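Okay, so chain A shows up in both of these, paired with chain B first and chain C after.
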Partner chain A sequence: MSMLATEEKISVTGDLSTTGTRIEDGGRRLGLMLTLPAQLLVLFIAVFPLLMQLYISLTDWSPLDGIGWWQAYELWNNFANYTDLAVDSRFWDALGRTALVMLICVPAEFLLGLGLAILFMDNFAGKRVFYSIMLIPMMVVPAVAGYMFFMLFQSGGPVNDIISTLIGRPFALAWLSSPGTALIAVMIADIWQWTPLMFLILLAGLVGVPEDQMRAATLLGASWSQRFRTIVMPKMKTIIIIALSIRVIENFKIFDTLYIMTGGGPGVATETISVYIYKVTQQDLIWGYVAAIALVILIALSILVSLAISRMNAAKEA
Partner chain B sequence: MTAIHLENLVKRFGAFTALKTMDLEIRDGEFMALLGPSGCGKSTTMNMIAGMEQPSEGRITFDGRDMNGVAMGRRGVGFVFQNYAIFTHMNVYDNLAYGLKVRGTPASEIDRRVKAMADFLQLTPMLDKPSAKLSVNILQRLAIGRSAIVEPAIFLLDEPLSNVDAAFRAVMRTELKHLQRQFRQTMVYVTHDQLEAMTMADRIAVMDHGVLQQVGTPLEVYNDPVNLFVADFIGSPGMNLLKGVLADSDRGLVADLGALGITAPIDPALSATARKHGIREVVYGFRPERVVLAGAGQGIAMPVTFIERIGARTVVHFGDGEQRVKAVFDNDVAVQTGETVHVAVEPGFARLFDAATGVAIREV
Partner chain C sequence: MNRSLPFEIFRYAAILLALAVTLIPTLWMASMAFKPIAEWSAAGADLTWWPKSPTLDNFRFIFGTSTSDLIVALDRTAGKPILASLLSAVFGTLIAMTAGTAGAYGLSRFGSGQNLPLALIQLRLFPPMAVMIPVMIMWAFFGLVDTWWGLALIYGIVTLPFAFWLMKTFFDDMPREIEDAALVEGCSRLRVFMKITLPMMRPALASSALFVFILNWSDYLIALLLTTREWVTIPVYMASLSSSMTGQLYGAKAALGLIAAVPPVIMGIAIQKHLVRGLTFGALKQ
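Our next item is the complex of A and B:
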């Protein structure tokens, strides 16, 4: 019945638009004129920092040089920032580390979030309470989460205490000051904090899977895993891509919790791109170089995201 | 090809009882219609047969096998949902193929059977179309095809035609009957449209307010309704029901139709039952199709209030205060609004109901 109603509606609007072409032509021009200032403003806000960044990245400019950024062209350096970047092993290590963290954290958050969301599709005692508890990590201020995990992973901290109890002998690993484990601790903190977001988004997706289609599939003999693969996943494709995109972008910028836990150390053991940029900006003050790094990363991320979006559009059309 | 037996089936949703002690035997290969007004528990009954809902009491057996605890995917039941539940993210072909795919049927056989089914339901030109944008008529056929392709022993259809347009409904009534003859499944068909039930079903189970009222062939429920609800619900228009009081006369027991000022003689067999149960207040019923025009001084004299033409049929409304009568004639009829006409009931077609309980008075 709803479908009939839509067909009717479409035909009605169709009629209106044929009689209204003349008005529409003028209307379009007027609309453009009315929104032009706003569009220019948005363009300016979005593009200006980028252009400025691009400009600075082509120079050796630093705020200590005593000249304004608009005069930075005097310090033009023939793309030296970019050629330096290509051979900056600390940058490439940080990038690799960031990618590693992302490749472990985001899938872990996705799988945990999905598993929890599936559990929450069923009814069980205390569901509401668990639901509220589930969301707490997401609401903790990252800096606070950082201090929390800093405490947890001390050599005499609760994590080691629990492990000691489990294995029955003293265990006193200095998680955050051993290069091998600091990154693990950092990733655990990230997974703890951001699994709830995945959970929340994926739960919304699961709830949106039409129940009657699931029933129809069951009645046709599909097992749970067949239903999951043939109905749930295709229906959730868009929302999964959105959830993953959000987390990939966010995780790539991982900084606050991590910085409080390890400061990027020991050494450079947990130095991700954000930490590296921060250090170069704050300590070395070579802003032209930072601008170049930031631009490269922005372009890389943009490519990643637009790939995801094109996948999403393809999914929608299919 | 399975006999379904519902035994003392009860379904409660919290404090609300949606289905009250339903007993129904659906025979192997039978086309059974569950007919009743909206909200009477038809879908609830179907959902329990399919295993989507669990009975609060009683049990369901398929060929004697207790279905309690048998998962819905393992009951061998095909189900056509009221809103079709087509997989909107798949095209027509994949929808049809779904049941075979999940069973691990070889691809070549899937292809053969999908094409055969598409051919049968005239879906061939649509096979590659995404199913999200199809018209209701096509969705409806697709839903039937998707269930039928796995050749379920039991086929359940929940108001499959309620959303489609009238012309297509008429076509589908024939097609569905044809489909069932071809596959010989046991078919349970839920509808609130008595025309669908009357034209397609081998037997009809009439329900109201969660209570099974009567089970019988279309003609049985039409000719011999067990109570006032069925008498009124079946037929369009429903049975004429006039209040009366039984009285003795020199012609035997008669129903005094009060304001109409006439008495209708009662069949001796029914009189015996009425006497035995001491029934006095009755409802005198007869089908509008069984009303004939009578000569002056005969039958019931009533003014014509309204004449309605429905296609080739003419429905004449007679009215006299509380007591109203409708008559259906196959053709035009020579009466005019305002005119007082004598009408009579064809001999043998009057029915008698106990006014207190609404139950039909039958021969014993």
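Our next item is the complex of A and C:
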């Protein structure tokens, strides 16, 4: 508050010293009025729902019980949802699978995106057109992308056709119906769709590296890799952290493409945390339990993020 | 940077490979959309990369004007789901942009709502699946389940962080001299905002609105949870396009997928200048 407010006061009093305070008050009133809708929406979606979620998570309530959620206290279960969750192997497996997908997809997207961004750093014929085409995957509706890859990975589909041509003999793997390959197919779809995002952000960072420094380093005889390590990378540090954070956060939510491709199957082979919660919500309908899972994830994420932010701040000050 | 011939050859080879990988999935769907049923390549049939006898039957089929060679007729056409997607995405964008623009201006100029930037980032952080239980209960309570306006409301909230952050960076970048001059002329602050600032920001508003629209149009999970029949959106409807008699309706789904995929791709390319700013919450500008 303070910084922006003083700035405002200085500019206003400088222009109209006599009426400055009146306008300042008017500005504050208008500011409150303008921010009100956003504040109300945040309250509407954050505060009340979280309290409701906490309340329901302590009960066995399900929408099929025939009683309103506010009467859920009748189904109080002594924190059974939380103790159940601790030993719910399907939950922990889903969490592990989500982490595995993240640990493979995000670095792959980063490296591919960085490699492509380096290739796009200076001008060459066709750059603008290629650049636009490269961005297409992330604009495709994720559910549609899921359907595209569902078709590509059919046993009589194009992926197997290309592999057959390459190895010179028929290849008919049913990618999506065997547990090991289904997860690989799902990760390939994610990498296809989100490498462009890494490419876009990293390229924006690379282009922002000052050219005169690079030229000076070249004149002094620095090799390409030396220039990259000593000039480019330090400038890129924040940008890399931003790009990775965005993908880690979004990848953790992975649902659309995956659910369309495999529905979490075969069995539970591609069941990530979002898919698991969705299935419990829709199929088992134990919403008290779902609320408990959701809260645990929200709290865990909040702790992780505040840790990350405080570490980043510490690094910035050092 | 590096202009040697081998490097140039390597560069073009790598980029062409990347372009091929980028385009093949999309082109395969586009090609599938124009294939007659015989070329859908069920098991055993030869794979057709390009439709041998291109047809519009798949499009006619999903809009209910032809059943092509399929025995099934659809119990509902794609018209209503497309309308549902359009209405919910457009009005969701309107809600996000109105609240986001006003809030961003209030913060950028008057320092109001200092809690908003962080609160909105946090809103974005959580998986939607982890906050849907209360939303489903509330939406049921207000009679908003399976309505396009119910979807529009949740879309408006979900994409508010992007609208707010994008507009905040645009307002922060905008020089204040013109506004100050109008204030000296005796305009009220609200009038300055409505009559001077907003018209000046028209390009920024348009880019942000398109960005938010793409996000709303892309949703699958929320519509899956909050619509059941009347107002299902395109992706939810698409998943229902398979029957026990015909199995997967590849061509029909591909035709619908193409219809769903084309608008955001065109919009995204139109606003590519601002994509980085939008995706990084204004932390980076191109």
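The working rule: the second predicted complex is superposed on the first by the 255 of 318 C-alpha atoms of A that agree within 3 Å, B and C clash if a C-alpha of one lies under 4 Å from a C-alpha of the other, contacts with A are read in each partner's own complex, and residues count from 1 in each chain.
To be clear about the criterion, a residue touches a chain if its C-beta (ideal position, glycine included) is under 8 Å from a C-beta of that chain, and two chains touch if they have at least 3 such contacts.
Since this is a predicted model, take the numbers as computed values, not measurements.
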{"item": "Chain B or chain C, by number of chain A residues touched", "value": "C"}
{"item": "Touched partner set for A:W175, first chain B, second chain C, both or neither", "value": "neither"}
{"item": "Contacts of A:L219 with chain B and chain C, given as first, second, both or neither", "value": "first"}
{"item": "Partner chain in contact with A:I201 - chain B first, chain C second, else both or neither", "value": "second"}
{"item": "First (chain B), second (chain C), both or neither touched by A:S132", "value": "second"}
{"item": "Touching partner for A:I45 - first (chain B), second (chain C), both, neither", "value": "second"}
{"item": "Partner chain(s) touched by A:F91 [first = chain B, second = chain C, both, neither]", "value": "neither"}
{"item": "Which superposed partner A:F110 touches (first chain B, second chain C, both, neither)", "value": "neither"}
{"item": "Chain C-contacting residues of chain A that also contact chain B", "value": "1, 3-4"}
{"item": "Contacting residues of chain A [partner chain B, same complex]", "value": "1, 3-4, 210, 212-213, 215-223, 226, 230-231, 234-235, 318"}
{"item": "Chain A residues touching chain C - in the complex, by the definition given at the top", "value": "1, 3-5, 8, 11-12, 15-16, 23, 26-28, 30-35, 37-39, 41-42, 44-46, 48-50, 52-53, 56, 63, 69, 115-116, 119, 121-122, 124, 130-145, 147-149, 151-152, 154-158, 161, 192, 196-197, 200-201, 204-205, 207, 214, 224, 239, 242-243, 246, 249, 252-253, 255-256, 259-260, 273-274, 277-278, 281-282, 287, 290-291, 293-295, 297-298, 301-302, 305"}
{"item": "List of chain C residues in touch with chain A within their complex", "value": "1-2, 8, 11-12, 14-15, 18-19, 21-26, 28-29, 32, 41-45, 47, 49, 95, 98-100, 102-103, 105-114, 116, 119-120, 122-138, 140, 156-157, 160, 164, 176, 180, 183-184, 188-190, 193, 214, 217-218, 220-221, 224-225, 234-235, 238-239, 250, 253-254, 257, 260-261, 264-265, 267-269, 272, 275-276, 279-280, 283-286"}
{"item": "Interface residues, chain B side, partner chain A - complex", "value": "50, 52, 71-74, 77-79, 81, 83, 85-90, 98-99, 101-103, 130, 135-136, 139, 146-147, 150, 163"}
